[in-house]
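This structure is in structure tokens; I'll ask about it shortly.
For clarity, chains are labelled A, B, C and D in written order, and residue numbers in each chain start from 1.
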């Protein structure tokens, strides 16, 4: 139940591999877990108008995003038998090659963790008011468009 | 193409969070990656005959497992547009709460990484000659049975 | 008689819509319902007409015309692009 | 005339089957085909009869009777339980 409480999601800048490792380590004491699934979003160095994306700058409407994230989390616990779930999203600048999204689900058996993780990723991308501005190598910028 | 070559899979003992972090970090230079998916198997402290599972001891038929893993990897690259994939499995003793399986897929867009990762997990569990002996708290043991 | 007294609302805007409005938030006067407010905004910022916009009232998506009260927070949200 | 000269093969066994055989690998003599070899094994280790076993010849799963040659490696594989 404690897992369902409001939790910190937004992280200033990129999500480090060390942060992910620490998050994994914390679960070694939960001995009813048999499977973890992790999704990581990494900034791609796409080409736009012949210029390379060198970073994405993320902003969000926090007052609206947080209750939506809480609702997504609640729905996910109802839908899947999870031990715990964690969602982290960057705000501010994240360079190409760095991690901007970290979704982490754990369950006794693999199916729940695997399905819950992509369920969360889809809902986060679709429903959470976050915007990415792609910063190009010529310092111009383009608002990102999720397909 | 280099990714498709024979790679080290088997790791003595548990897979550490630090090993996973290092593996993630190595991908920050691959700037065509937009999504990573990671599956981790963790040893559950199940109860069997009123005794707790305190560890699993893994053995494998390496000469047969390695070509099968190569074939699974090949098939996966044919089936999904991946940037790279990595499979690590423990041999020997892994205690409850520790990680014994690490499957890591990366692609430009999320669908390929997500689908390829569970494709790999299913095939590894079903096709690779690996056996787990569950060590119980009274020092007896039970050969594990994948459902 | 659809005469109503104008109210004062807080408008917040994000992404490309913030660039069009020229500020993260402004206070505006409008009639106390969402449709009138939208019309006013488009009159004042014609570039909004070409944009895909979702509206939120007090942090809740508003998919139809709803009543606004003094001090409501209206958010102009371009398509989300998190992740 | 289905008389054939016995050959020498290497038998490897894993998991619970290794416990039944009593060793990771042994050398045995048998007729040069998988079915005869299986029959011999079950005669020698009756506990094998109750086990789910897959056979591999020279690291390849063998789902039907196949010919064996001198020095073949036959593996007795209990159900896999990796991951």
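Quick note on the criterion: contacts are C-beta pairs under 8 Å (C-beta built on N, C-alpha and C of every residue); 3 or more make two chains touch, one makes a residue touch a chain.
Remember, predicted model here, so these are calculated numbers, not experimental data.
K.L.:
In the touch network of chains, how many steps separate chain B from chain C on the shortest route?
P.N.:
Steps on the shortest route: 2.
K.L.:
Please work out the Cα centroid separation of chain A and chain B, and write it as a whole number of Å.
P.N.:
23
K.L.:
List the centre-to-centre spacing of chain C and chain D in whole Å, with centres computed as mean CA coordinates.
P.N.:
Averaging C-alpha atoms per chain gives centres 76 Å apart.
K.L.:
Would you kindly tell me how far, in whole Å, the mean C-alpha position of chain D lies from that of chain A?
P.N.:
Whole-Å distance between the two chain centres: 50.
K.L.:
Determine the centre-to-centre distance between chain B and chain D, using the mean Cα coordinates as centres, and give it in whole Å.
P.N.:
Taking the average C-alpha coordinate of chain B and of chain D, the gap between them is 28 Å.
K.L.:
What residues in chain D touch two or more of the other chains?
P.N.:
None at all.
K.L.:
Taking each residue of chain A in turn, which ones touch at least two of the other chains?
P.N.:
41, 121
K.L.:
Every touching chain pair, please?
P.N.:
Inter-chain contacts occur between A-B, A-C, B-D.
K.L.:
State the interface residues of chain A toward chain B in the complex, per the touch definition above.
P.N.:
Answer in residue numbers: 17-18, 20-22, 24-25, 27-45, 96-99, 106, 108, 110, 113-114, 117-118, 121.
K.L.:
Hey, which residues of chain C end up touching chain A in the complex?
P.N.:
Touch list, chain C to chain A: 12, 14-16, 56, 59-60, 75, 77-83.
K.L.:
Quick check on the complex: what are the chain A residues that touch chain C?
P.N.:
Touch residues, chain A against chain C: 41, 58-61, 63-64, 67, 89, 100-101, 121, 124-133, 143-146.
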